[in-house]
Structures are given as structure tokens and as C-alpha cells.
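Have a look at these structures, which come just after this line.
Here come two complexes built around subunit A, the first alongside subunit B, the second alongside subunit C.
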Partner chain A sequence: MSMVTGNSYLDSLLQGQPQLPPSPLAWFNQLRASAVDRVGTLKLPTTRDEDWRFTDITPLAKLSFQPARVISTLQATDLERFYLDEAAIRLVFVDGTYMPQFSTQQGKAGESGLIITDLSAAVPRHAAAIEPHLGRHAGFEDNLFAALNTAFLQHGAVIVAPRNAAVEAPVHVLSVSTQPGAASHPRCLLIAESGSAVTIVEDYVTLGQEGEEAYVTNAVTEIVLKDNAQVDHVRIQRDSTQAFHIGNCAVSLARASRYRSVSVALGARISRYDLNVLLADEGAECTVDGLALISGRQLADTHTCIDHARPSCTSRQAHKCIVDGAGHAVFNGKIVVRAGAQHTDSAQSNRSLLLNAKARVDTKPQLEIFADDVKCAHGATVGQLDNEELFYLESRGLSGLAARNLLTYAFGAEIIDRIPVASLKHRLEQTVLEQTKRN
Partner chain B sequence: MIHQDSRKLLEIRGLRATVSGIEILKGIDLTVRSGEIHAIMGTNGSGKSTLAKVLAGHNAYTVTAGSVVFEGNDLLGLEPEERARAGVFLAFQYPIEIPGVSNSHFLRLAYNTVQAQRGKDELDPLEFEDFVREKMKLLDMNPDFLDRGVNEGFSGGEKKRNEILQMALLEPRLAILDETDSGLDIDALRIVTTGVNKLATRDNAIILVTHYQRMLNYIVPDYVHVMQGGRIIKTGGKELALDLETRGYDWVGAERRSAIGA
Partner chain C sequence: MSAVLQNLVNQPYKHGFVTEIESDIAPKGLNEDIIQLISTKKDEPAWLLEFRLKAYEQWLKMEEPKWPNVKYPKIDFQAISYYAAPKPKKKLSSMDEVDPELLRTFEKLGVPMHERAALAGVAVDVIFDSVSVATTYKQKLAEVGIIFCSISEAVHKYPDLVKQYLGTVVPIGDNYYAALNSAVFTDGTFCFIPKGVKCPMDLSTYFRINTEESGQFERTLIIGEEGSSVSYLEGCTAPKFDTNQLHAAVVELVALDNADIKYSTVQNWYAGDENGLGGIYNFVTKRGLAKGVNSRISWTQVETGSAITWKYPSCILQGENSVGEFYSVAVTNHYQQADTGTKMVHIGKNTRSTIVSKGISAGHSNNSYRGLVRIAPTAAGARNYSQCDSMLIGDQCGAHTFPYIQVRNQQAKVEHEASTSKIGEDQLFYFAQRGIGNEEAVSMIINGFCKDVFQQLPMEFAVEATKLLEFKLEGSVG
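What follows is the complex of A and B.
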């Protein structure tokens, strides 16, 4: 990576790190320490780095961010509007700090062995389950933001679905940003043991008002699926439109496991989401869908990598961008089929809708195929609203504007519809409806 | 049906229209009065579907000459949605699929938009549900179609039923049915045409655009017009359609050519 600012900037980002309370466990402290070391050697990426070609984060480097303070004045009523009807289990983090008073840790009785708790409490009690996975999937060797997050390891969501358990209600991991000028490092680890099934909703929200000062959310999520496990993963990024959001997610799938994800990016001035899915054993299946809905001067960058490491795995991906104003969406979708990964079945589509002459999208499907008996389909389209569809709606009495709004909404709703949590789906449909009405 | 106290609904005079600079309509004259059913027949490329779209206000077509007066107002000066609200309805030959918008949402939106324009009450989702289910019985439609995306994955026949359902909801003064019979099997044709017949009143009018005579066995027209080369070249009663069915279209053109001495 190339140099854009001095390392004094990175030093400033590590402010407060040395004051973190040490863990009783040596490996945990070691993990943090090696992450701090990596921060010391890595540089802030620039547009000269291929992976950051279209995403200029210099505005981020111009601001100095402080570690978030712990605040205690929040009331449950401040947060209730974000709660999900279906989620009996909720972990709430405010500026990265776990808030037990707003969280409900345990589901129904009978789900014995189910672990849902904060990282700081989980590490000493469940070290044997956590140690093999924490920081092992979302590598930070070459990833400054993952390294920074790991350097600040303290709080975070830990979910372990025990063998053959079906966790009925979705687990809601709610990350709330409240402090302008603060940097927080949300962390999440989900381990789905053999034959288990679990749904997780990662939800990044802000209490601040529109137009407030910037803050940084730098999240890392690791998801591990053992044989035959099933995980539904919903990720909603609705940060303030002044905020910076960096997210790294690494998913590892064992034999015949199934991972389905829907990620939606609505907020942030600049957002970047890296999703790496490793199909590590035969018969694994993933469905990776995404929607970026942005306007104004927002930039939303999604980088995904689906790695078919073993034979007979299936991947499906639909990513959509709706860009209004002078917004800028980036999609880089890499599909890797490694040597020997025969009978790979992969399909990727990326469709983008540009609603304004100033709106821009950069899309790059990237297929790296090293096996010969595989099926890999991909397609990308960038376009405006269809004239025939508009006329159809207008001929039914809808104004031109209402017709445009409805079609834009429909374009996004196709992805939102795939969210397996009804109340969240309806809420997001409302959000998209309102957002598409602002034109 | 033709009746004594009918009003003039639509008056087209000398209408010419182009698409991408090519003239498709070359001088259309047509008067439609309330209560009447007109069939416009013709071969592919005769301009009959273009006429339907021009009347509905499709922006791909440019009107270069002529006038269209609808209930005393200049129709060509109105946007497509204004025409719809004024009471013009086009049932599409190829209804558009809109995944992501439920049919019930779309139908209610259209219904309420037109109701509001007419100073009538809008319906909330629950009220509308009851109302639309009644209307669906008219077309023997399964209520499941309300929950699906607009026309998404509908068969040809289901799409056409959905078009006529919209006609039933919007209660237009002038309904233009563009090849509504195409793609329908005999049962679906009977259901759709029965629905259309129930919607025909003394106060509205229907223009059927069709290639074949078979729909006219079910919806009996008062007038049959034959289009060719962007003009109406012959007008007659319902028996003209039967002539066309047995003799084809060529003789009409030949008759016209000899009449004008060409």
C-alpha cells in the first residue's frame, strides 16, 4: 500500500488502545498485540491500490477521531425504535461498548448450550470455543482496518449455536453510534456448530441527526459454519450520511453447510464492505445478495470474494445499486474456482440503476477459474428506468414522478424481499419508499 | 350499442404520427360516441397498435398533424397520466412485468390516484382488498394474484385478465383494448370477453384493436374499421369482420385502390 499520510495518523487512531484492560488469557492479549504491530507497518490505502481504485478515503484521513467514550445517559426509549418484533435475543452496543441493560441474552429455555453474549464475558468462559476462530478468519495481515479493529478487541457479539440446534428467533446485533468525532470498532463472531441453524441481523444505526459531524464505524464480523449448518445473515448499514463505515466480514463454510446473506447499504458518506466467503468443503452453498441505495455525495463500495476451494459447491449472488444525485457506487465481485474444485456452480449478477446524470457506478466482475468442469455465469447491467415500464404506470394514472419512484422502489425491493425477518423487511421497504420519494 | 341520446366521446381528425422520424399514422379520422363498440382491424404494421399508443400518450410517438378531442378537451395536450385520470384506458398488448411491486399495491395506487382525481374517496388497503376481490370474481381470477409482483410470472392469459381487472377498477370512459385476444385460449377468451361485456355501458365506449375476428364473436362491435398503411380504408358493421375472416384483407385494399382510381 502506498503512503498517503504519515503514520502519525495511524498512531492517532490507536489512541486509547494501550489503556484497554488486559485479558486474563495470554492468546487474547497476543492477538491484540500482533494487530497493533500490523497497524504499525500497514499504510492507509489510496486509490493507487487496486482494491481501492474507486474509493478515495482521503476525507477520512483529514479528520481526527477519538476513541468513543462510554456514556450512560441513554434510555431504552432512545433505542426502542430500532428493536425488531421477532428478535427475542438482542445484543446492543453503543459506540462499540456492550450495553447489558438494553440487551436480552438468552432465548427460550431448552436451547441449552446456546451462547449469546458479549465478547469480554465470553472469552474467559468459552475460550475453547472462541480461540480457534476469533481473528482467524478475518485476517489482518494485509488489512489495516481489520487490524485496527482487532487491536481494539474488547466488546463484541459472540454467538455459538450448539450442535443440531435450530435457533428460532433471529439474533439482533444492534450497533448504535451516538458520538460525533468518535471511532468505534464493532466485532462479531458467530459459530454455527454442526447441523445448527441460526439467523443473525447486524444492524448499524445512528442516534445523531442528519448533517451532524462525522464518526467512524470499523466493523469486523467472522462467521463459521460447521458441517450441515445453516446461517442467514442480514446486514443493514444505515449510518449517518456524514459517517465513514468500514466493514469486513469473513465467512467459512464446512461440508454441506448453507450461508445466505442480504446486505443493505443506505447510510454513510463513504462506506466500504468487504465480504469474503470461503466454500471450504464439498456441497457448501452460499447466496450473497446486496443492495446499495445512495444519493447526494455518498459513496458505497462493496467488494465480495466467493472462493470455491473444494468441489461441488454452489454460489449465487445478486448485487444491485441504486444511485441518485452525485452518488457513486462500486461493486467488485470476485469468484475464485480453485484447481480441483470441479462441479462448481456459480452465478453472479450485478444490476445498477442510475437516477441522475451525475450518478456513477463502477462495476467489475472478476472470475478466476482454475478448474475445467464448472458452471460460472455472470452478468452486469447499468441503466436508467425503462421507458415502457414508466409508460405502463403513467397510463394507469400515476404521475411521472410517482411512476419513477415506484419503479426505483421495485428495483430495490427485489433484494429487500429476500430478508427473512418480516418486520425488518417491511421497515426497510418503507425506508426505500421514502428515500425514492425524495427525488 | 348505438343509441339516440349518445354523446360524442372521441373525435379524431386528420391524425398523423411518426416514430423515429418514420410516419406510421397518415391521416386518421374516427368518431366514437358513448355506448359504442368499435373494432379496428388490420394486418401487422397497419398502424392499429400505434393508434392505440398515440391515444394513450406514449412518448415514443410524435403527433405531426391533426387533432384528438376527448369529451370536449384536447387530448393531445395531456400527459399520459392526465389522460388516464380523464378516463382513457389502454389495455396493453404486452403488459409490463414489475417484480418487487405487489399487484395489490399497484392496483390500489392506480385506483386511488384516479379516485382522488374524480373527487371520490380513496380506499385503505383493507377496504381495497374487499373491493378488488369482488372485481376479480368478474374475471374468475384467483386472489393469489394480488400478492404476486405486477404481472410477474403471469401467463399470457393471466396478464390479459389483469389488464381487464384494471379496466374494471378504473372505470374508463374510453377503453382501448390492444390485441387483448392474442395469447388467450378459448376459455380465457370467453372469460375476458364476458368481463368486458359486463363493463360496457351506455356511458362509455370501447375500441377493440385486433388482428382476428374471433374476439368479435364474443364482443359484438357496432362498427368495424379496417386500417392499412396508417389510414382507415373501410368502415362497416359487424358483418365486415366476418368478410375479413373469410376473404382476408387484400380485397379491401384493392377495393379502395379502384375507388380512388389508383
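What follows is the complex of A and C.
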């Protein structure tokens, strides 16, 4: 892996950055500037870096990407198929740029204090709420992609759920990619004040046709839960199978808060999702589930880190991979129990299903424990469909193909079932069914 | 209770004494001249010198591995003496002629060699600071055609066999310490089990590091021909020193068709004092090649000693239906660090492997399991089951798990499980209810925790291992 990762490539990725309009706020400009500095010192990760050992991103480095242009020819009808029935609030970003004409905020009335807006509008108006959190959780000190995203800070979803408010309808953050050869940097910041409850759906889609030129989506999401807050987070990545998708998500949980997340990776030629959950105070709970469903020559890499920093926190994780064709799934699930984090209760399972002789899985469930009074368990399995189960279905009159499809579907449905938005769940179930039928 | 427990946990190392035997020590440092010197001293053939020099050349180009989860000051490889042999006296024809001081050393260790050999039927090839001094039961083994001798003897007597297999399982440039070992290894064990022979007794070698500041570089090569079977035991103790001693051994096993090799280790080298001062650095490369069909390689280890353990006994499952096993108990206390585990590389069809790893950490120690299960595209029907459990005793220690699972064949089935636990108050209460004191209860719980592994050990070792664990940890819950 002696890929040239010289900084000239990174310089090219930074082009257009200096043209960003400066913010009236000094700290915001400072944040961008320090991110640009970091980009200057970091290198593109290679397979010699432990965190990228199985994910070779040299194909990404071979392409040159331009910053996305703002286009105005898009019609509402182009996007309607992505809308969710339940979502009264929708923020639409096209190639990273906020599109107020497609966004709606019907739920705003009656929920006083609820802030849902674009970052460029939110920063001057709600600086006091945003400054302590923006760029503070998704660290970019040694994360090149987070640094790049932060360097390009301009648009993004900002959601602040006020104290004790239960936001009933899910908030739909729709990121649409339309331009081949472009790099976009979607950003999302969610602050759930104490006692609030909110559901957010991050949805990455493309308008492009299969087989088109590649593009890069480099997303960063920060989620902050104050005491007793509750956040349901759904993340669907259905980029084009030519695209590169890099996602970083950092979640911080205060006392007795609850975070539940389901992430589904369906698209992209190479996708990488880093989810870091910090259980920062006692009694916090998180459930982190994931599904990667890939085929062809796709690579889906999920890295999660659940950090039990304080005592009496609970974490649950189930991650599944269904790999067909010459697909390659990577999972690295780290659970850290810090010194003093007694009464930690943590369980993790990672199951992978290989459907093709060329399919490949690399998994590493990892435990790092520095406290003795804890309950930690993890399990990982890799295998194919069970012959006995297939036989059972066939003995009931299903064809071999139908039996395989049914079992594959059921394998993935266990994760999809946990999505709290009915229409989205239904849509994804259809996707999984189609995917299995296609084979 | 905790005072008693503290006492037990902090028992000083029993085997810390230095035997004064005149040693023939090479000057400190490592260069081509030293390698020449070792080779000349040992009267080696030219091909072996070439092997050493090639390894040295590779070693110079390599870097110390940084990935293990251990911390230690940088080793000055030029401050180590690479050759120390007890001064040659006269050729020995029987055990009676062995240096009585040497024999007394073994007695202090509780290994009365001759008795043990006679009573337990164990042939002991004694390694005392790099050169074989006495070998027993050789004749009995020779009757069935088994070769069991020091590797330097084998180089002279069976050069073709050594040349054929040496460095085939662990290539000279395999890793930093394997390259170093290949360049400077002074002695070790060679064992050859011919076709169809079941070894009539367990083979055993006792290692002992003696001369202060002399690194020990053992080289072990065991070859099981078609249909043969052997069980090999390795046990270690070392005297107490304050300067860290480097031990970088290489063990190679080759199992041909239907051969069965079982390799058991009990390691209780000096682990440093309760402040983490001193102790052995144990950087070992152990690998078995299950080359033939239906061959089987089984590693069992009980790791209780060393300041730092860095060791991954591995199996390359090349033959169809070959089997690899790894059973391990690793105990760390005070400031010990262990990064140990295994690699199971499945290449042949229907290969199977089992990994059972039990880690116990106490004091300020850190215990890591690092394992790799790789299923190559050719390994259809491969099967792996891994289980690694950790037990933490006290809140200052750490337990870590790094299992790598890489699957390239859809017909393979891989399962991995890990858990972490402590000795619960309720468990101790249950024992107390039945009139069993805390100390005994803890000992029983730990023995229960390690049972799956101890069952794999040969009888004498199982007893020794149980005692070792008691001595190391008994009652450390308080």
C-alpha cells in the first residue's frame, strides 16, 4: 500500500474553501481555520493505519473532486419520492447546500423554543447554544475527514430540542447528491436539552443514475444529550454504488439520558461510518444497531466506539452484515470501560452472512476494560445460511430460492424492525426484499 | 480478609536465586563478528552460518513492533551478551557426572530431574543457559526411532533434517524477534518422531535463564512424520534479577499427514517485584504447521510469569481436515503486562480450530487477548470456535480483547464469544454458607474458571499449574 498520499491531493480537496463567506462570529471562523490547519498536517489514511487496515481508499485518492456547485434547476418532484409521511419537519440539503424551498417546518408551532434551521442562519441567532458544541464532539485533531468537513463548515442541520419538550414527529434531514465528481460535506448538530425527546432521520440519497461518475459525501454529525434526554437516531446511507461515503458521528450522553440508533448502509462503492458514543455520566444508556447490505464490489466499513466513561451505564449493540457478490464488509466495534466505571453493563453482537464465494468479512469486536465490577460480553459469528433452516422451509413447499430469500430477509429484518419510523421501515424492508430477489 | 489476601497476592518469587557456575560469556553487543563467534563456538556447518547472517541482515532492516498493547523502555540490543555457555568440563556419560551444583539448582526448583524422570517417565532435556548439559531417556526413545536432543547436536548429527525444516514455519524475516532469534539462537530442542510412531512418554524440557544480562534465544523444532504423535511439555522458571532479561524464542512445529503434536507450556518466569521492577521480557514466536491431511496441532499454555509476555502460539492449517487448538490461561499481577493469544490460519478444506482463552488480571497489570482467525478462500467448510473470558481482580487492572476475524469463504463458520466478570460477592457468600472460607472459595472459583484449559494439560502439569495459580492469586478478592 504505497499509495502516494502527498498533501497536494489534500490541497486539491481544500480548493474552494478560501472562497467560503466568513462568518460575523470570530469563533466560527477560528474553528474553520484550525480545521484547515489540521488538514495541512494530516495524511490520507492507508491500510497501514490500524483503523483503516481493511479499507483501502486508494480509489478515492485517484479521483479528483471539485467542491459542489449550488444548482437551482431542481424541482420538488425530483425529491418527493424521498419524503417521509410521518416527518412534519424536513431539512433538505442538496450537495451540502441548504434548500429552504424544499424544507418544511410544520411542527414548529406549539413547540416553543424548538430550533430547527440551517447552520448558516442558526450560528448568528443561536450562537450561545451552538458554540459550546459545534465541532467540540466530533474531534478533528487526528481525523482527516472530520477536519475536511469542519474546514467547509457553512450549511448543515441544527436542531435544538428545548427542555422537557417531546418532539413527536421525526425530523427528516435529507441529503441529496446530484453532481458527479463533486465533494460535499453535510453537517448536522442535534442538541437535546434535559428531559427532551426527539427522533432524527439522517437520509443520504442520490439523484444520479447507476453507473455514473463517482462523488464523495463526507458527513459529520454531532448529537448532544443533556440529563434525561432521549434521542432516536436513524441513519440511512443509500448513495450511488459508484460513490464514496465517509461519515463521522459523535454522540455525548449526560446523566440518565438514552440514545438509540439504527444505521443502515446500502449504497456507495466504499463507505465508512465512524460512530463514537461517549457515556459521559451515570445512568446513561445507549443502543447502537447497524445493518450493512452490500453486493457487487461494494465495501462497507463500520467502526463504532462505545466509551463507558462513568459508572452504571448500559450499552447494547447488534451489528449485522449481509454480503453478496464480491462485497467486503468490515466491522470494528470497540467497547471501552474506563477506570472507575463500575457497574457497567455492556453487550455487543456482530453477525455476518456471506452469500457468495467471493464475499469477504473482516470483523474485530474489541473490549478494553479497566474496571472490575462490570458485565461485558461480545460475540461475533460469520457464516452462511443454515442448511437445516433451508431444508425446513423447503419441506414446507418453498422453492430453494424463496427459502434463501426469506432467510436472508429475516436476517436483515431484525435490525430494520428497530427503526421507529413506520414508513421508512416499510421502505427499507422492500429494499431488502428486492436486493435478495435480485440474486 | 483483605490482609490475608494481600499477603497471598504479594508472595515473593520463590525461585529467585542465582547459581554460580563458571560461564563462558561472549562480549556484549551484536554484529556479524558475534554471529561468527557463536557459529564457530558451536562448530556449525556453513549453511547455518549463512542462515544466521541472512537473518541478521533482515533484522537490521526491521523495526521493533509497536502494535502490542504493552509498554516498556527501549531495549538496547547492543547491551546484551548473546552467548553464555557453562564452561565445558568433560563429556558426561551419566546423570551422576552432572555438575552437582546444577543438580542442586533443579532441586531448589522442585524439579529433581533424575527422580522426576524415573518416577514420571518423563525424559528431560535440560537446557541450562543455552547449552544442553544432560539428556535422559534418550536410549529408550532411540529404540522407537525418536530423535530427542539439543538442536546443536541435531545440527551435527542430522543436518539434513534440520536443514529441511528449520525456518520453514517461522521464516527468518517473519518478525523482529524471530529474525533476531534466527541470527543468534544458541540452543534449544530438536525432536523428530518418525512415521507411525506414537511417542511412549511425554517429552519435556526445563528452561532456566541464569547468567545475568544474557538474553536467551531458544530454538525449538519438532517434526511429526506421517501418523506419529507426541506430547511435549515446556516449563520455565528463572532467578530473580533487577535488570530486565530478554527472551526471544522461536518454536516451530511441523505435522505431516495424520500426525498429532501437543505442546504444553507452564511459564513462571520472574515477573518483576510488586513495583514492576525487573522481570523477564518474553517475546516469543511459536507456530505450528499442520501440513498434512488430518494432522492436529494443539497448544496449551499457562502463562503466569514474565514482566511482559508477547506470545501468539499459532496454527497454519494447511492440510485438509487438519485441526488446530489453543488453550490458554494467562495470569497477570502487580505491573505485569501480557499481550497473548493465537492465530488460526485456515487454508485447507474442512479445517477446524478451537480457541479457549482465560485471562485473569490483578494488581496494576494489563492482560490482553489478541487473536486472529483467518479463513482463506480455499478453506471451504472451515470451522472455528473461539471463547475468551476475562476475570478482573481489583479496579486498577485492565483486560482487553482484540479478536480479528477475517473470512474469505462463505462456507466457513466462525464464532467468537467473550465475556468479562469478577468474583462476585454472591458466589463467595454461597461458599461461606457451606462452610468454605473466602480464600478456598476464591481458589475454587478461579480453578473452575480455568478448568477448560487445565483439563488439556498433562497430569503433572495440571497439578503444577493449579498450584501456581493459587500461589499467584489465591484470595486476591477482598
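Note that in this section the second predicted complex is superposed on the first by the 433 of 439 C-alpha atoms of A that agree within 3 Å, B and C clash if a C-alpha of one lies under 4 Å from a C-alpha of the other, contacts with A are read in each partner's own complex, and residues count from 1 in each chain.
Just so it is clear, a residue touches a chain if its C-beta (ideal position, glycine included) is under 8 Å from a C-beta of that chain, and two chains touch if they have at least 3 such contacts.
Note that the structure is a prediction, hence the values are computed from the model and not measured.
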item	value
Winner by number of subunit A residues touched, once subunit B and subunit C are compared	C
A:Gln384 touches, of subunit B and subunit C: first, second, both or neither?	second
Touched partner set for A:Leu44, first subunit B, second subunit C, both or neither	neither
First (subunit B), second (subunit C), both or neither touched by A:Ala182	neither
First (subunit B), second (subunit C), both or neither touched by A:Leu367	second
Which of subunit B and subunit C A:Val224 touches, first, second, both or neither	neither
Partner chain in contact with A:Ala357 - subunit B first, subunit C second, else both or neither	second
Touched partner set for A:Arg396, first subunit B, second subunit C, both or neither	first
Partner chain in contact with A:Cys376 - subunit B first, subunit C second, else both or neither	second
Touching both subunit B and subunit C, residues of subunit A	none
Residues of subunit C defined as touching subunit A within the complex	67, 375, 377, 390, 392-422
In the complex with subunit A, residue positions of subunit B that touch it	56-60, 79-81, 83-85, 89-90, 92, 95-96, 98-101, 106, 109-110, 113-114, 117, 149, 166, 170
Of all residues in subunit A, those that touch subunit C in their complex	50, 54, 339-340, 342, 352, 354-384
In the complex with subunit B, residue positions of subunit A that touch it	387-389, 391-400, 402-403, 406-407, 409-414, 417
